[in-house]
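First subunit A sits with subunit B, and in the next complex the same chain sits with subunit C.
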Partner chain A sequence: MLTYFRNIGQGIMTIVSSMAIAGRHLFTPSVTLQYPKEKWLLPERSRMRLMNKIEDCIGCGQCARSCPTECILVKTEKRGKEEAPVFASDGTAKKLRTYVFDIDMALCCYCGLCTFACPTQCLIMTGEYEYSVYDKDEHIYHFAAEKPLTVAGESRQNPPEG
Partner chain B sequence: MESVAQLLEKIPKYDALPETISALMPILASSVILFAMLALAVLFMVWLERKVSAHIQDRLGPMVVGGWHGWAQTIADALKLLLKEDIVPASVDRVLFKMAPFIVFLGAFAAYVVLPFGSSSFVTDLNIGILYIVAVSSLSVIGIIMAGWSSNNKYSLYGSMRAAAQIVSYEIPAAVAIMTVVLFTGSLSMVDIVRAQTGGIQNWFLFRNPFLFLAFVVYFIASLAEVNRTPFDLPEAESELVAGYHTEYSGMRFAFFFLAEYANMFLVASVATTLFLGGWTQAVPASIMPQIVPGPVVFFVKALILIFIQMWMRWSLPRLRVDQLMYINWKVLLPVSFALVLGAGWMATL
Partner chain C sequence: MEVDYSGDIMTLNMGPQHPSTHGVLRLELKTDGEIVADAVPHIGYLHRCFEKHVENVDYAGVVPFTDRMDYCAAMNMELGYVLTVEKLMGIEVNNRVRCLRIIMAELSRIASHLIAAGTYGNDIGSFTPFLWCFRDRETILDFFEETSGARLLYNYNWIGGLMHDIKPGLEEKIIEFIDYFEPEVDNLNRLLSDNFIFIKRTAGVGILSPEQAVSYGVTGPNLRGSGVKFDVRREEPYLGYEDYEFDIPVGLGEHGPVGSCWDRYMVRIREVKESCKIVRQAVARLTPGDVREAVPKRIKPPAGEVYMRTECPRGELGYLLVSDGSLKPYRLKVKSPCFTVMSAFREVSRGAMIADVVSILGSFDIVLGEIDR
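Presenting the complex of A and B:
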């Protein structure tokens, strides 16, 4: 009989105390971020969408080779001897003409390995993260600016596996 | 209903209508008014529920639709539910399946007929008002069992069996708690019960004497179980039964279950307001402060406070186990309510 009343008393105390806790939370400021209106301050050096400064790219294909998901496609051809030499901003000669430089951001796992491999530091990760699209193909970003002179003369392809 | 009838008389050429139609018109008009009011109240309550739950969990809840704190979110949701495809699964009992939501809703809606929202705003004043409410609100059990059985789904069936067991058992302490009030008024009419409480907060049955206060607590707990609210939401325990008896329902029919759930919530809050919180009467007696606030507003404020407490409980307490549910009913609430009837009867004869 005593336990019966003790149980009832305990039940009431539990209800009161849990409701008090819930009531306190009713007035604590919420942690929700109203996303499109407010945004998080991104941490420094956040790894988001890739960007290639194509003027500095020497077309070496190191990035494509280091990518674990093989989402970078580089196609280059040798510049002719008679052409005027082109240089990247750090002085490296651009001996190859990069006529395809595609990054499929839908495949990218944002590891950042490609940016370490790049000898001219032209491949960087930006802080841009709002780039959802309706068609997956729109996630393939084309950076190449030049046209190939000879399609048949493709000297270099995306390096084979391994 | 009388005032509705008087309003209808003002319509030009109203007398020209045939007798049978003009006799039906006030009934039709008052049920339309009642339904519109109920729908608005439910829309508001759903919004409030989402806001209360969100803020208790340190979230914000709906914030976008309609501008100010997402006030139009439930309107958008209701529209969405109305426009959704009405899916009737292949192996259900079609007749019962289609009828069930409306019977559940009917059980809740029919009770609104006798609720006195103000001194003259009620549809009808039955002399057995509160008994009528207790009787018709248990009609929804039939609808719930129909829904569970006809769905041909084990979760639905479990949910409806639990609901039936729970509602039928918790009706007893609720009705006994209601009886304590009837001992004091000597009348079952809702209007008479409110009239017995006029003259300020000290005349409300809640504060008249300790027995009635405890009766209010018993009624409140039992009514939570009757409307399947947490901590008594076993019939629709999401973590065990998917969604309980309305697992198979979608679109419009689901909306009716939803409507019925909130209509029931509002109903039990209104009954508690009428019985214990003085219905439409104001806390300050008329002799001290003129009664400028209209009765229905006072009534709604009181009912909303009770509904808020229901929501507050819902988001603080975990769900009971089935055996605990039955323990609370048969071993705690029922003896307590009997003792309260004895005590209140003794007080009433003093």
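Presenting the complex of A and C:
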């Protein structure tokens, strides 16, 4: 019987002392961000949506090969000999015409491996994180700007299927 | 006259969507009134075929998948894997990489133990410590985000190095945080660990004796909570842990027999303090250097088999890697600490009250992502 009341007493005491510790926080300022109105400043290395500066992309397919989830699809074809040479901004000759460069951001695991594989640093991860859509297919971003000249059957595809 | 009551066994399913199972785990409880006669854990709800899947991914691409095993301590998961591959390839990393890896691993251990303590308090019924723990964990995640760009799944440890060097000035911020954080642990102790109600709910409950713990192969804080002084960082040091000064806290049984839920919980809290010590020493040992110095151009380990174990927050994490000399792992087997402790769960919870099952499960600090893989 005595133990019973002692337990109750100790229970109350422990709550009071805990409340005293927790109570100090009543006077600290609030840290809540009113999200759509206020936004958090992201650090510059933030890894969010991928972006490809397609003018600089040489179509080498290194990114697609290094991607663990295979969410990048690159399709290229050789430029003809008679065509005027095209260069990326760092001077690398663009020998291949990239006519498909799709990234499925719904499959991407945001690991960033593709950005390190890219020889011309044209594939980067931006700080953009507000891109929810209603349809999953809208998460496939098409970056390629050029159209293929040859029939699709002659084109090279990276990574090779199978 | 004798009455046989043993027929009154009721089967009760706890989970898979139960808040205290910390993931999707189903416990099939055979209850005899309030008493649990048997508790069978059913796992596999989060199975993602990790081990099979990585056989089709190149070595560098496996790292993001290891992150997703134990998402509460992703840094330590990666670390174990990259050390395994480095051991097979014979890569030596420089001092800066070693120190940074230790800093990150120990910060991650602190963050993970904070989740463990916070959610455990939450399971038992006190919500305030949960918020406090998450507040401090947030600061650690900010460090990780600033360094690697991600808050939870970092892909920061690379085979042969690190993704990025830390930003200049981060060392001071880390030390500042540790200075602030160490007294906070005492606050947490006063708030939760020494709370009379908390002790009543956890001490003397779910006793895992040292013999049981060893025979079930339980590792990490759960083993040390039973009073067995075993830590892979001491027994089989990696990354130069042998040069660091730190204690290995064990359960002392202040409240009731050794190996109770309270002991396991308290080991984590004490380990947080030891991690703080290690971080301080590692920051003091940082020397300039290139963190990607030893990253190989092509990761193609020789054919062979290697096993490497590291101490992750939940126990001993082992990777068995079999390579056939190609660009992809032939086989990668993970020895997960939570899986082994789950096997001891049935024995520990037999004879406990239903409400104590929550307490026992919380004290094991399991992460289902790692059990199921």
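Keep this in mind: the second predicted complex is superposed on the first by the 128 of 162 C-alpha atoms of A that agree within 3 Å, B and C clash if a C-alpha of one lies under 4 Å from a C-alpha of the other, contacts with A are read in each partner's own complex, and residues count from 1 in each chain.
The criterion applied here is as follows: a contact is a pair of C-beta atoms (placed from the backbone, for glycine too) under 8 Å apart; a residue touches a chain by one contact, two chains touch by 3 or more.
Treat the numbers as computed from the prediction; the structure is a model and nothing was measured.
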So, A:145: does it touch subunit B (first), subunit C (second), both, or neither? neither
Identify the partner contact of A:47: answer first if only subunit B is touched, second if only subunit C is, both if each is, neither if none is. second
Examine A:32 and indicate which partner it touches, taking first as subunit B and second as subunit C; both and neither are also allowed. first
Mind working out whether A:8 is in touch with subunit B, subunit C, both or neither, as first, second, both or neither? first
Give one of first, second, both or neither to describe whether A:22 is in contact with subunit B, with subunit C, with both, or with none. both
Check the residue A:66 against both partner chains and state whether it touches subunit B (first), subunit C (second), both, or neither. second
Once the two complexes are aligned on chain A, which partner has more residues of subunit A within touching range, subunit B or subunit C? C
With the two structures laid over each other on chain A, which partner does A:93 touch: subunit B (first), subunit C (second), both, or neither? neither
Applying the document's definition of touch, where does A:133 land relative to subunit B and subunit C: first, second, both, or neither? neither
Both partners, subunit B and subunit C, contact subunit A at residues 15, 18, 21-22
In the complex, subunit A touches subunit B at residues 4, 8, 15, 18-19, 21-23, 25-32, 34
Of subunit A, residues touching subunit C in the complex: 7, 10-11, 13-15, 17-18, 21-22, 42-43, 45-47, 66-68, 109-113, 116, 125
Residue set of subunit C touching subunit A in the complex reads 57-58, 60-65, 68, 126, 128, 145-150, 153, 155, 163-164, 187, 190-192, 194-197, 200
Considering the complex alone, what residue numbers of subunit B touch subunit A? 52, 54-60, 63, 312-313, 315-317, 331-332
